[in-house]
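The following pair of complexes shares a single chain, subunit A, combined with subunit B in the former and subunit C in the latter.
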Partner chain A sequence: MTKFLSGLAKGMATTARTMTTHAHTQQYPHVKPELPSRSRGVIALLEENCTSCMLCARECPDWCIYIDSHKETTPPTTEGGRARQHNVLDRFAIDFSLCMYCGICIEVCPFDALFWSPEFEYSTTDIRDLLQEKETLGQWMPTVPAPEPLVPELPQTEAQQLVVDVEPEDDPAAGRTTKRGAGEVPRPGTEEQP
Partner chain B sequence: MTDTTQAQSDPYGATTHDVDEDTPVLNAVGGDWDELVDEATALHEERIVVNMGPQHPSTHGVLRLILELDGETVTEARAGIGYLHTGIEKNMEFRTWTQGVTFCTRMDYVMPIFNEASYCLAVEKALGITDQIPERAQTIRVLMMEFNRITSHLVALATGGMEMGATTVMTIGFRERERILSIFEMITGLRMNNAYIRPGGVATDIPAGTIDKIRETIPLVRKGIHELEALLNENPILKGRTVDVGYLDLSGCMALGITGPMLRAAGLPHDLRKAEPYCGYETYDFDIPTRDTCDAYGRLRVRIDEMHESLKIVEQAVDRLDAGPGPVMVADKKIAWPAQLAVGSDGQGNSLDHIREIMGESMESLIHHFKLVTEGFRVPPGQAYAAVESPKGEMGCHVVSDGGTRPYRVHFRDPSFNNLQAVAATAEGGSVADVIVAVASIDPVMGGVDR
Partner chain C sequence: MAGDIVEIVLRAVCVLAAFLVLPLLVGQTEHKVMAHMQGRLGPMEAGGFHGWAQLVADGIKFSQKEDIVPLAADKRVFRIAPALGIVSYLFALAVIPLGPHTVGADVPGSLVWVLAVGGIGTVGTLMAGWGSGNKYSLLGGLRTAAQLVSYELPLILACASFAIAAGSLSLVGIAHAWTPWWLLWQLPGALVFLVAATAELQRPPFDMPVADSELVMGPYTEYTGLRFALFLLAEYAGIVVMSLLLGVLYLGGWTGPFDHQIGWLWTLLKGAIFAVLIIWIRVAWPRLREDQLQRVAWLGLVPLALLQLAITAIGVVVTSR
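Moving on, here comes the complex of A and B:
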């Protein structure tokens, strides 16, 4: 009996304690979740950077990117010059009903035309509406997070110092680093050890 | 709504014709259970065969258990699998070695990092670059794997508790898992199916602020696990449901090829992290918890103890990551892909340096990028097997290469599949309710079983 009463008292004490604490429920549509900048919500397209090289469409593991383009010829600007051809993007569409969010298209893009955005509110009631054309993909560009500082641990001057100090010949990581001016900041991961 | 039909004319019945034509079949499709009971009693038959699953809330995923019952006692138990077959292994034969990661990470969706790790270690072994993987990449792999081990064990405890009717266990388990998943999202951008570990290293370095966030999270997770312990360890109801249930002793485990917590709950401290270290596990300080009770309760306690050990490893890994930056991808540029990933504007994608070089300075770099990306790297002909200690047991990957840019064959030894063979040994002779506990203590994930 005493065991029962003490258990009951303990239970009531817990109830009394949690009664006054605030609920942890997030009022979602009113309070947006805080997402990390790497969060993969949607793929945004910077159309000006796209050269219709088809790399992303070919490398997508489930082929959910559709690209159509045509060639246009620019007449020579100078007398006797050569007419130049360039690709014009007609259609760039991603079928988000197929997309696995693996990010391979973004990794392979050699011209930095694709970006991850944490924006996630594009669900539809019809699966066909998940095929997003380039206009919609472009609208997500403003939601792409601003660049993070490249080496956040180091202040700018110190980071520059690091690059200047390192002798490329002695450094095992030198093979990975590209031709880089002293003014540029090394990236984490490819940075030389001091 | 029920009706008694003959086996032959039953549209939902077994198609294998292993039942006689005149065997009565009762179909329960919801509705009035009293009618079903009346019809069953009218048959005067104590022995009935019940299909538990594949759509049953208490079997993990789409596991189908075929139980032969004598009253409440299970006289025969068989596991029916194949309801979640995805063809991942076959699909990987038609993708480059790097793309394969995005497929295999989806096999056992509760432990994606281990799927990737075993695959990448096998590919690296086939390439012969195992000792060239940068130190920092190995440390990040260990960090991610140990976090993933905790999430997997939390899911095992949470769903196991829910199947026994303890919803508080479920809410605590998933709440703590959420903390770790938010770290995953911060590092990889995704909460599950990360495709983060790549042949040669990891996709990107950890972003700024991760180490602080992990250090903030560890005490919270530890507190949550303590809460689970307080709730479970000496709980008389839980002990009544799990002690001496799902019994499988060491010789049984060895005969069936069982690994993981089930084997350690039978008393054998077998753990690949100690037995055959990989990713530098030999340099970390941790213990292998064991129990000798051979039952579902022992397995639960082993899982809880392992979570504490994993937190210990995470702390050590974080200290190493804090020590200083370094490369996270192998130096060989013919393999390293994504080639020049950096923390760009969205945290991922090619760095501006790289783009400047391939667009403006070096045509050869652009050609190399296209060749590496469209064709992928080649793996010399041969085969390799690499195994990691996943939360469920030995997760092995066997890759065969014919020298091309795509695998000739990739096979996974998924511990869920092998451990599931213990269903008959652990469930037969017990009651129906104990089948749930026994299966929950095996912790199979059907995505990994069927692949």
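Moving on, here comes the complex of A and C:
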């Protein structure tokens, strides 16, 4: 009985406490969300980097990337030179009604032509309008955030130490760090700054 | 004679206005309080400022919906049922005093009147359950009936205690007889009243008749549009009636500083305290099982109410000597 009553009292106290604290709601259309830079919002295309190699289109699990291209021949610039051929991208389209945001196309692109952007406000009233052509994909390029540092959670000094660990002979300061032994990475902030 | 009629019409219009505005206020408070208790904001868009017009918008939405009557329903009963709930609380609100003279209809036995017409609302729910031609509705309706039988008794016993303490059956008389001592003397009775009233209104944690995980929506399963909105309005009007009633019985109604000028404000304020409490209970506590529900009434509330009656009787005998 006392357990029952104390449970009831605890329920009242918890709800009262929640009421006096700030609500978690984000008022989306009025206040834009702050998304992490790794967000998978939309895929942006940097057209200049694309060589029409078709790797992304072939790796895409549901074949929602459409690429058309043709070859052009540039005449030699110097006397007796060789004419060069290069691909010209005619069409690059991603059907976002099929895309499942797996990111394989971005991973597989050897020329850094595809990027994740946190932009997400591209819903349409017709499913066919989700087929975005390269002009639209290019417009999302400015929204692509700068890449994050490779080892973000470690302070800069430790990240450097980890790199130095590979070749300890040259640097006497780095030699000290190897004597600590592998696996004994100091907690961030506890080691003295060099 | 003509003056009398004008006065009666005026009073009726005022009661009707209060009946339409106060439940919306309670409903909006519930939206907001419940949201913040759950770490949300609640309605924020309708009407602009913190979603104040949300319930108005809801009402417009309800009125646009198609009026569907199921084929298997007892059509007459099905159609009348929502009106009964509304009318019962409207009648009850008419006799609840906001001030010594601010009352829709000053009848001598107003406490008896409130209790009598308050029960009619439950009959409306029972009719809805029976008339819908749906097994879930029927089960919900029967649960409502069982709940009414169980909780009406402690409710009436608690009210009887207040009446004995004041030596009057009129709400105005009870509020006049109120002294600060009642806060302690009538505390068990007030607790019984609060719990029984919440159960009478079928509000969580006593919402077994509309337990959505078992009975879809209980007696209201088949209702849409305006008729459903009427049931909702009746629920919130019920909160208003019960809160004001408890405010008048237990907290002395309009008694307070400057009660000659702003007595009605005190009554509304005291009612608001209980309305918020009823909302708070809903958010904080889990629903009782059907057998637990009956157990609370018969093993908890009825003995407590009888004890309160004895305490009140002793108090009255000792002080009147």
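Points to keep in mind about this one:
Heads up, the rule we're going with is that the second predicted complex is superposed on the first by the 126 of 194 C-alpha atoms of A that agree within 3 Å, B and C clash if a C-alpha of one lies under 4 Å from a C-alpha of the other, contacts with A are read in each partner's own complex, and residues count from 1 in each chain.
Just so it is clear, a residue touches a chain if its C-beta (ideal position, glycine included) is under 8 Å from a C-beta of that chain, and two chains touch if they have at least 3 such contacts.
Since the model is a prediction, treat every value here as computed from it, not as a measurement.
Looking at the shared chain after the overlay, A:L98 reaches neither subunit B nor subunit C.
In the overlay built on the shared chain, the residue A:C109 is in contact with subunit B alone; subunit C does not reach it.
By the touch criterion defined above, A:P145 lies against subunit B but remains apart from subunit C after alignment on the C-alpha atoms of chain A. After overlaying the two complexes on the shared chain, residue contacts for A:T21 are found with subunit C alone; subunit B is out of touch. In the superposition on chain A, contact of A:L130 is made with neither subunit B nor subunit C.
Comparing subunit B with subunit C, the partner in contact with more residues of subunit A is B.
Put simply, subunit A uses no single residue to touch subunit B in one complex and subunit C in the other. On the subunit B side of its complex with subunit A, the touching residues are 95, 99, 102-103, 106, 136, 182, 185-190, 193, 195, 203-205, 207-209, 324-329, 331, 333, 336-338, 340-355, 357-359, 361, 366, 369-370, 373-374. Of all residues in subunit C, those touching subunit A in their complex are 33, 35-41, 44, 280-281, 283-285.
Of all residues in subunit A, those touching subunit B in their complex are 35-40, 53, 55, 58-59, 61, 100-104, 106-112, 114-117, 144-153, 172-173, 175-176, 178-180, 184, 187-191, 193. On the subunit A side of its complex with subunit C, the touching residues are 8, 11-12, 14-16, 18-19, 21, 23-25, 27.
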